[in-house]
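Listed after this line are the structures, all set down as structure tokens.
In the two complexes that follow, subunit A is the common piece, with subunit B as its partner first and subunit C second.
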Partner chain A sequence: MLTLSKYGKILVYTLLLIYTMLVLVPFLMMISNSFKSMRDIYLKPFSLPTDPSFRNIIDAWNQAGIGRGYLNSLIIAGSAVVGIVIISSFFAYAISKYEFRGRRFLFMYSMLGLAFPARLAIIPIYLLLRNINLTNSRLGLIIIYIAVNIPFSVFLLKNFIDGVPNELSEAARIDGANPLQIYRHVVIPLIKPAISIVSIVSFVNVWNDFFFPLIFINDRSKATITLAVSIFFGEYANRWNLLFTSLTLAIAPTIILFLIFSRQFIAGMTQGAIK
Partner chain B sequence: MKLAKRYLLLFVLPALILYTLFIVYPLINSLFLSLYSWPGVGKKTFVGLDNFRKVFSAGSFRNEVFNAFWHNVYFYFLAALIEIGVGFFIALMLASKIKGARMFRNIVYIPNMIPLVLVGFMWSLYLNPQVGLVNQFLKLIGLGGLAQSWLGQESTALTTIILVNAWRNIGFYVLVLLAAILDINPSLLEAAYIDGASNWKIIWRIIFPLSFSTVRTLAILLFIWSFNVFDMIYALEGVQAGPYRSTDVLGTLFYRTAFGGLGSSAIDMGLGATITVFIFAIIMPVSILYVYLVEKRQRSA
Partner chain C sequence: MAEVILKDVVKVYPNGFKAVHGANLEVEDKEFVVLLGPSGCGKTTTLRMIAGLEEITEGTVSIGGRVVNDVEPKDRDIAMVFQNYALYPHMTVYENMAFGLKLRKVPKPEIDKRVKEAANILGIEGLLDRKPKQLSGGQRQRVAVGRAIVRNPKVFLFDEPLSNLDAKLRTQMRAELKRLHKNLQATIIYVTHDQVEAMTMADKIVIMKDGVIQQIGDPYSVYFEPVNKFVAGFIGTPSMNFIGAKVSKEGEKLWIHKDSMKLLIPERYYERLAPYVGKEVVFGVRPENIYDKMFAVTPSEEFVAEGKVDVVEPLGSETLIHATIAGDDIVAKVDPKTRAQAGDTIDLVFDMNMVHVFDKETEENVLMGLHSAEEEPKVE
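So, the complex of A and B:
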């Protein structure tokens, strides 16, 4: 760690404070505007809500379809996370702990997805889903999200499983455990931190995605939260009080998740494919 | 250890099949589609390399492609300067002995939790020329002369979008760089202090060289992502990428070509696929370098 002189400290604190304001003020304004009337937003932009009410929240909730957006995003992100964790940990376990031909190739092959964003393949993916009648469907999105998140999850899980001592799985094998039992009773309990990182990070990735729903979903009742708010912005361009409120509502769940799990988020990022 | 075949299949196949079918196969399939002209339904017409000729030989489509391409290039360099350059500086501040570093670290990352497209919508309201917060604030502090239509004029639109994008993404770069800096053996810094080295010297001679591989990885990833930007432009300027296409990037051009948009010419999925192949070719060398570096580090670990 760098040691600072007294003046250095003052300078650093000042700069960090300015930066913090730059980050937080737009947030706080958004939240504050969610409780103001349209007139107050235009005429008194910097004042706090004078007569705070939940009117905007009720209106935005109903008109933007926030509840349905939450539910769709929750179903999609929740199911995708379950799939991602099971499928990726299977794969990572096999290429980390067992020797077989093509194992190194499989690892590099799965890394390609980190280097080539899936959205470059959006047209063929779209056609593929159309052929099996899974466009405009939540299941279609779930399948795509599982596939998209495999590279990152495999990478992170493999790094953790590499750290599980071979003696442990060897001992279990001698005791007569089969590979699936070793996976279930030896490996999984030891990589729980990695599983929670993968779950939380991929949940937020899916929840926050906009591009795939934009292309695949054209039925408002199936819109995810990002798509629902985006449609709402197109329709109510002048109702700023409701627009701010819909943003606050759409953003709240992930911010709350972050406040609870900030450690996992930060670990997921710094131990992901960067380090 | 050896693994019985049935277990190998059980562990490897689900991921392998999903990933191959829905990611790898579509990526390759784009290449084939780029040889066709096709509105998405009905019969495909084989056109050979005609789509590529449209991209590379003189004509209005080539102009549109390269207009967008240079915007992606500009996006990359300005984003790198802000997100990696300024990001490194912020990471250094967070790596010094100050109280509350942990709290600052969490605050820095908050904007990353918001979907890009919603960050875009939020700032579209703040940047409104008449009643937006940004111009109102400038007037409040007596700089009303600077107030302008940030997103509505060609001279400032793209730069403004890159700044909004940096507002959202910089926390990621700060935290990754911070982790790299904190990874440096503290005894190195202590020894340098004992030798009487100044902070600047330590940053330049020890911290920068030892975190260079992280900077390089981030520069690679930012390059790949910069050629895939879409959400932010969509939210702030729409798929028409106004004013007068001054914020058009390959992502929005692709969207208009393959899926249409108000006032676009006929939908052509073949030509759209050609644009993705073009993007693919641009990021290919960098992507291969990235996979190589990741693999090398795995083996040495």
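So, the complex of A and C:
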């Protein structure tokens, strides 16, 4: 354990405090402003609400279609996460534990996705999806998100699966397990922390994404939460109160999700699969 | 019947490394066979080929009369115990032992019965609800053995199962495994680099080096009749002393000769050694066949060599003397009442009926077959 001198501690805590403020203030402002009227926001943007009201929440909910946005985002992010976890874990299991020609190539190929953002390829992606009639479709978005999140997930899961001793899968093989049973009964239970990280990170990624829905979704009934709240960004005027409110509503689920799973999340980040 | 037969088994790894060169081995039903050798000698690879975890490049492996080259490990009717136990960390002891049966769709009451029986045999009934993490090394080892027992396989394969245990526990588990073998009446193939384990447990020892089987035999024959210098040096602690010497002839008598050391060779070896007269050989003698002259029964000058004592190690039941004879370091296991001290020069008596002579080039035992285990070792 590293120990710090008294002054060192003061310095570190001061820096941490400044950093925390920098991160928290915009959040707190957003939340506090979502309970204010437009007038209040213009006059006292940094104060707490003088006359807190839930009016904004009701207005934003109705005008932006937050409920429908939640539902669409939940469907899309939920399905994407399921797809990501299934595909990446199978893929990572195969390239981690099986010897076959091209296994190194496959790994490197999937890692290329980490180097190049998918947005670079937006035109080919668009043409591709248009050809199979998946523009303006939730399924289209789900497919894109699965593809976009695979590189990171494979990278993480492969590292964890590499840590599962080969003897365990060999013992399971002798015990009579087929590859699928080894995956299901031995590998998956041992890499649970990694699976929860992959799930949370990709859920948040998908939930927060604005770019792909903006390009692919024209139909308001299919709008994701990020697309839904964007209606308050006007060309000439911004409706700050509703904007803040809807943003608060948009990020609330991911924050709640993180609070619930933070313990697993941190455990997963700091430990290997097997000690 | 569960005999295991290896016929000309070869293993070449994809990188071209030849781990096993044409192994031939017959393991009889209910036999306890130990594959013994230094690390990298191919013993584990051989075991893994029998288990089906490693593909067989050439040759055949058959278990119970059936060639199993292309049979999945689970269908070979074997169970394996790994060096690091390989218990499933997320399952309890009970689940670990039941896993194989569950996959085979054995009915639940039957699983329960078998797991409890095995736990009873191994004395781990109280641990069934624990996770492997909560167990000591010895307990984990028992669970690993239990996982093998419940399956009731034809053949048990052990891959250095005791090497992660401390010395005391190892001695205890050794006896337990031997007892288990007797009770289960099973065929066991056991890999180890520890020659004491091999000597104490095996019905038959298979000594390997660089992927080649050197010798197959019961503990006595590999000890008393090592086929070559490698086997002679590998089996036995402290290991056999080797002295580069010459066979010389004076009149009708043959001698092992090096500088000041000159030892008379018993007549029954003359025929074998005739071709070596005047040539360099490697003279081998085990520490326990060298005596302090003071305690030898009938010391004759023809069997005595002078040694300069370097170190004396009293072990209680015996004393090890590290000495130099004619420039070669040797170890003698002598009577604990010896008065030899470091720096002394003492007379050491060689039991010439128990010595070995190895060809310098081929390292083969020239006197092979002349030291049957039944013969009383005697001091002249």
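Basically, the second predicted complex is superposed on the first by the 237 of 275 C-alpha atoms of A that agree within 3 Å, B and C clash if a C-alpha of one lies under 4 Å from a C-alpha of the other, contacts with A are read in each partner's own complex, and residues count from 1 in each chain.
The rule we apply is simple: contacts are C-beta pairs under 8 Å (C-beta built on N, C-alpha and C of every residue); 3 or more make two chains touch, one makes a residue touch a chain.
Quick caveat, the model's predicted, so the values are computed rather than measured.
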{"item": "Joint occupancy of subunit A by subunit B and subunit C, clash or fit", "value": "fit"}
{"item": "Which of subunit B and subunit C A:185 touches, first, second, both or neither", "value": "second"}
{"item": "Subunit A as apex of subunit B and subunit C, Cα-centre angle in degrees (nearest 10)", "value": "100"}
{"item": "Winner by number of subunit A residues touched, once subunit B and subunit C are compared", "value": "B"}
{"item": "Partner chain in contact with A:18 - subunit B first, subunit C second, else both or neither", "value": "neither"}
{"item": "Contacts of A:175 with subunit B and subunit C, given as first, second, both or neither", "value": "second"}
{"item": "Subunit B versus subunit C as contact partner of A:165, first or second or both or neither", "value": "second"}
{"item": "Smallest distance from any CA atom of subunit C to any CA atom of subunit B, in Å, after fitting", "value": "7"}
{"item": "Residues of subunit A at both interfaces, subunit B in one complex, subunit C in the other", "value": "99, 170, 173, 274"}
{"item": "In the complex with subunit C, residue positions of subunit A that touch it", "value": "99, 165, 167-168, 170-177, 181, 185-186, 189-190, 274"}
{"item": "In the complex with subunit A, residue positions of subunit C that touch it", "value": "14, 51-53, 72-74, 78-80, 82-84, 86-90, 99-100, 103-104, 147, 151"}
{"item": "Subunit B partner contacts - residues on subunit A that touch it in the complex", "value": "1-4, 8-9, 12-13, 15-16, 19-20, 22-24, 26-27, 29-30, 41-42, 45-46, 86-88, 90-91, 93-95, 97-100, 106-125, 128, 143-144, 146-148, 150-151, 154-155, 159, 162, 166, 169-170, 173, 178-180, 183, 204, 207-211, 214-215, 226, 229-230, 233, 240, 243-244, 247, 250-251, 254-255, 257-258, 262, 265-266, 269-270, 273-275"}
{"item": "Subunit A-facing residues of subunit B, complex", "value": "1-4, 7-8, 10-12, 14-16, 18-19, 21-27, 29-30, 33, 90, 92-98, 104-111, 113-118, 121-123, 125-126, 131, 133, 136-137, 140, 167, 171-172, 175-176, 179-180, 182, 186, 189, 193, 199, 202-203, 214, 217-218, 221, 224-225, 228, 230-231, 234-235, 251, 258-259, 269, 272-273, 276, 279-280, 283, 286-288, 290-291, 294-295, 298, 301"}
